[in-house]
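In this document, chain identifiers A, B, C and D correspond to the written order of the chains, with residue numbering beginning at 1 in each.
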Amino acid sequence: MSNPNLILSISNITKKFPPSVVALSDVSLDIYTGEVHAIVGENGAGKSTLMKVIAGVHKPTSGTINYEGNDVVLSNPIIAKKMGILLIHQELSLVEEMTVAENIFIGEYPTKMQGLVDYKLLYKRTDEIITKLKCNFSSKDKVSHLSIAQKQMVEISRALVMKPKVIIFDEPTASLTDTEKFVLMDLINTLKKEGVAIVYISHRMDEIFTLSDRISVLRDGEHRKTVKTQATDIDEVIKLMIGRELNLDHIERNNKYDKTVIELKNLTQKNVFKDISFSVKQGEILGMYGLIGAGRTEVAEAIFGIRKIDSGEIYINDQLADINSSEKAVKNGIALVPEDRKEQGLVLEMSCKENLTLSILQTIGNFGFLNSDLEKKLMLEYKDLLSIKMADINDKISTLSGGNQQKIIIGKWLVTNPKLLILDEPTRGIDIGSKAEIHNLIRKLANEGYAILVISSEMPEVISLSDRVLVLRDGQISGEFSGKDITEEDLALTI
Amino acid sequence: KDYVIGVTQNNVGVDSYQTTYDIALKDTMTKYPNVEGIVLDAGGNVARQIAQVQDLIQQEVDAIILWPTNGQALTPIVRKAKQMGIPVIITNSNISEKGQEFITAFSGPNTITQGQYAAELMCEGLNGKGQVVQITGQPGYQTAINRQKGFEDSLAADCPGVSIIDSQPGDWNREKSQRVMENFITRFGTKIDGVYAADDNMGIGALNAIKEADLKNIKIVGATNFAVGYDAIKEGSYYGSVVQSPVSDAIAALAITMKILNGDKVEKDNYFDTPKVTLANIDEFERPVF
Amino acid sequence: MRWNNFNKLKIQPIWFFVLILIVFFSSTSEYFFEFSNFKNIFIQTSTIGLIALGLTFVMINGNIDLSVGSMVALSASITIGLQGYGLGFSIFAALLAGVLFGALNGIIVWKTGVDSFIVTLGAMIGIRGVVFIYTEEQSFYALDFAFSDFGSSSLLGIPSLVLIFLFFSWLMHFILSRTIHGRNMLAIGGSRTASLNAGMKIGRHLMINFMICGFLAALAGITLSSQMGASTPNLGRDFELWAITAVVLGGTHLKGGSGSIIGTLGGVIAIGVLRNGMNLLHIPSFYVLVILGVILISVIYFDSLMKNKMELSQ
Amino acid sequence: MYDIYAKNVNLGVVAKQGFLIGFIVLLFVFSLFSDEFLQSRNVMTVISQAAIIGVIAIGVTFVIVGGNLDLSVGSMLSFGAVLVADLHDKIGAYPAIACMMMALLVIGSVNGFLVAYLKLNSLIVTLGMLSVIQGMTLIYTSGKNVDITAQDTSVFDFINKGTVFDIPVPIILFILLGLAMEILLKGTVFGRKLFATGGNPKAVLFSGINSAKVVFSTYLLSAFTTGCASILIASRVMGAQNTVGQGYELVVLAGVILGGASLLGGSGSIIKTILGVLVLKFLQNGLLLLGFQYYIQWVVTWVVIIFAVWLDIAVTRRKVLLD
């Protein structure tokens, strides 16, 4: 082999999931030290599957892996990890009841004497790591008390524990805000300089182009092409990804309604948020922006009836509504696409179809009996509407790729035909094509008269979608902008 | 009050016998104006009973009446009671040989003899020839073991024509016993001439199964005559049983205890009689209250 | 805040109940608040206590062991049954049996993937069968009182059995809180996937905990038989339920992932104090059952109230 | 080989029924050694015996699918049996049944309230209730057995000994209840909500479903089916003992888990539960017919239970083995 920097070379990898899914077919890739190798592709293209093969989680159906010049069989993650291959999973893989430090060092605790955990060293090293990554939590916090972005940072911190030779980041930024994102980019650049080989998966093209040296494109489990980042541009990559030009045209927004759907008056929960007042009109898209921990999710949960408020009122259609349970919220026409997909959105053991209809069970029942024809019809309808990629509507939802899972959750709320649709980080982990589709879908829904509240940590998303933007800081509204001329600077100044 | 008597029962409520005993004991206690009783129940659990005796010793009671859940296991704690100067009266079912030197008296039926009586009844009922199945009590419990041993030994020695074709536990439980009998019937069918059940409660379960299978001429012998058993004997569907009154059991235990507290001399072993009962002599006995 | 401090000390709410119960029984029974009675309580709880210690480990893993009650009977029977070969040998044999049957449970859970509930439910029935085969339904008794004298002996005024129990409590607490094995236990119980991804040898780990649990159940059988100077084949029936109750009262979740020895200790003592107190108060046996149940439920109710409070104050 | 994500192996319908295959193998082996075993008389007897545990297990399956436990069914069975037997002589069969059912439903709703609405740990709650109900039973009867001595026992005789199309009534009841409950579990909105609640209660909350109501209902169901079992048992022995249900909770649970329900909730099926109970009962019966001593039977039960479940797992590869 010519290039001395070649560390990992996979050839002709095929991975099938019985009975019929071919997640990867005949994929070959070379990974070099001191380089950032980006992998891109639509949801379900096989990116995560490929990474799991490399990290020993999945056994390939056929194909070989060559690591540091030797053919290796990575039959489990332990072996891969020992050899220096570390995978930071797309789905969080944390132990909720344990502390940050214990999670970062899981399986690698520093010891004194045989088998005893050296807590002092553990917390010292963790403190070093989290200071380096500018995390705003402490090493002794329980992970269950962290927000999802903070959890993601814990996951990322693991990269600094061992000295791995290959680090794979599977969509690390999906739930991060800009601040943390920059920290991560710095980290990756440092690691790269230290000669680590980095594989980086993301749906955000800006990141891909600022970070990577090389880009490999996967489509439908096949390796399309690997290109040097400098020698290509976004349009080419996208074309390789989706096999056609991406239509990024926005649907025209129009707003012919004037009725206020929901109005919040001085909503307060002690120590979480305070004096939140705003209203959303029919046909309006209200964006809510803020840093992690600003309390946006909490406000959404309060509207949805699953967070007790200490004071304040909610008016629906100008009538005082007492929403003290999610059941009542749904009856009042409120829908919430939650931010934590796995924990709050999905019943992993159930099928796609069953997950989709979970929110409208009551209405599709036939004297209490399930109407499976109707369920099937709905699922197929939404499969087309949202272009959801799945082998069979009766497959367990856990077998779908992350982005497709997210689409099902959005679908789950669209079927209820709500008056107010709250979307908390709706396009997290969704590929660029689908994202455009979802954005247009949101615009279309607004045009049809839905009131929409979009919470997002992605500035461009908030700006391009919203008619009006609220900025939250420390649980209070710190700014409001409307009109077509909202700029990133405006928002940045108020957070 | 002059005396405090601590009692720990085996397992009140598990069957009517123990319950009736418990009620009778408490009733009788109220008839002694100078006595205060502390009546505890071990729920059939040895460890719990040991703890209860410990707790009674802690309270410095004047005497302990003990219905042992197990003959062997209670010996050390009885020894401890003796060392603390508290007399122990064993009731209903005796404790081990080795424990004998630490107890002041025993009062109760002789369960081995009861097994023998049952064997005699069975032999008589089958005219010395036939095949029987046996439904025993809860495995491992002294009364169950003794009644089985008395029955088997006596049959083997005195009635060689009657053989036991199988034994299975009925756990003192009527429904379980009924199930066991149903399975016996499936397996042996008309080969069964007799059933020995270690108490009437289980015997009635067997009778239910026999009636349901429409079998005739099976002789059922039980022990501890229950009211249902008494009625069945009278009706002719149940061959015989052994009369044992929980009321006299309780009264006897308390009487002996009082004697000891009053400083009178008592015998060490005080067996009360448990006569056989069949249709022939049933009118000599009252219908049991349980 | 107040609750916060308690949380830092990792004191489980169950200890408040122990306190409340002690205050209550002290004021209602003259015999309760005495050193000798506390000795009794500790001796009485040491059997369930030892079992509960082992169960805590297994349950933190998210497994369960229902065979502990039968294990107690087996170990007691072996200890007494083999005493002819010397007490040291028979105790060794009993402990070995505990470890081996624990390993058997563990291996089956590991290699077949059968739910531990089923595996150990099977073992609960099967080991009981082994006991009856070995003892031929008989109770065994000790040749002399040397063994039971040990059972009631004391060191520096503290009963030997209590010392054994406290020693193992400390040891188990140490393992859980200080060692890698202990940390892995919480991780595996908390998230199988995360532990797998971190490259832990989960199967082996689970098996070790079943072995520890078997060992402690066997030890409980030995200490119990030393109190009785005898063994009975029915020993230990329904011990598993009470041990599990103690563990759950102590804050260990059935689904695994959290738990502490200090909590378990609290659970064990709460049950012990409750039973002892009711014996001293002369409550009629039928009502004991009702009261016991009601108190159990109230304990878990107040426990949840307190936990909510702690969460809020953070 | 280890593949933690490859859980969803979709085998053919036949291969999925590993447990059924195990069951058939078991029947076959016993029939080799015992001529009586597969005779319809014996089969009927065993199924009638299984009906009591089976009927309870049907209700408990709902509780388990919701991710909770019900250990109080054993005591509830004792209480129900004692109550219905005692009232039978006092107020007649049908009123007795009605009163007993009411009483058990009240108990069930206490369980349900504590677990579903107060969110208390179901193990402790139902273990506590086990104790409370046992105490109540003993207090009610003052610890004595109850015997049915009324002249007219036609209703209970019919339940116990009657037949419809030559099939004993307990079996018919068992089958009908099983079918109805399978439909309730698999074919209704309630059942779907229950599976979701057992699978991920948080997601259910975020779907606008009141899972407390669902969980509450499962305890009513288990109380109801336990009530049915109480009638069966009381009519079978024509009386009741205070401790008749002691230990049933574990046997019932064993049947449910054998049937493949997970204690973690979110999975289970009535048909498979019934199969689980039948395996237990046919095993017991077969060993008895072969004349094994009871303690040998216990050891064999141990082996067979584990083997049966393992077969189920091995054949369907539902679960991935640990490393």
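In this section, a residue touches a chain if its C-beta (ideal position, glycine included) is under 8 Å from a C-beta of that chain, and two chains touch if they have at least 3 such contacts.
What you see is a predicted model; the values in this text were computed from it and never measured.
Just count the C-beta contacts per chain pair and the biggest one is C-D. Between subunit B and subunit C, the centres computed from C-alpha atoms are 33 Å apart.
Centre to centre, using the average C-alpha position, subunit C and subunit D are separated by 29 Å. Subunit A and subunit B have Cα centroids separated by 71 Å.
Residues of subunit A in contact with at least two other chains: 57, 76, 78. Of all residues in subunit D, those touching 2 or more other chains are 4, 138, 143, 294-295, 323, listed in ascending order. Counting partner chains per residue, subunit B shows two or more touched chains at residues 12-13, 22, 139. By the definition given earlier, chain contacts exist for A-C, A-D, B-C, B-D, C-D. In the complex of the two chains, the subunit D residues touching subunit B come out as 34, 36, 39, 41-42, 45, 49, 52, 138, 142-145, 147, 160-161, 233, 236-239, 241-244, 285, 288-289, 291, 294-295. Looking at the complex, you find that subunit C touches subunit A at residues 178-184, 186-187, 190-191, 193-201, 257-258, 314.
Those residues of subunit B lying in contact with subunit C across their complex are 9, 12-13, 22, 38-41, 43-48, 50-52, 54-56, 58-59, 70-77, 79-80, 96, 98, 138-142, 145. Within the complex formed with subunit B, the subunit C residues making contact are 31, 34, 36-37, 40, 43-44, 47, 132, 137-141, 145, 148, 151-152, 224, 227-235, 237-238, 275-276, 279-280, 282, 284-286, 288.
Residues of subunit D that touch subunit A in their complex: 1-10, 187-193, 195-196, 199-200, 202-210, 266-267, 323.
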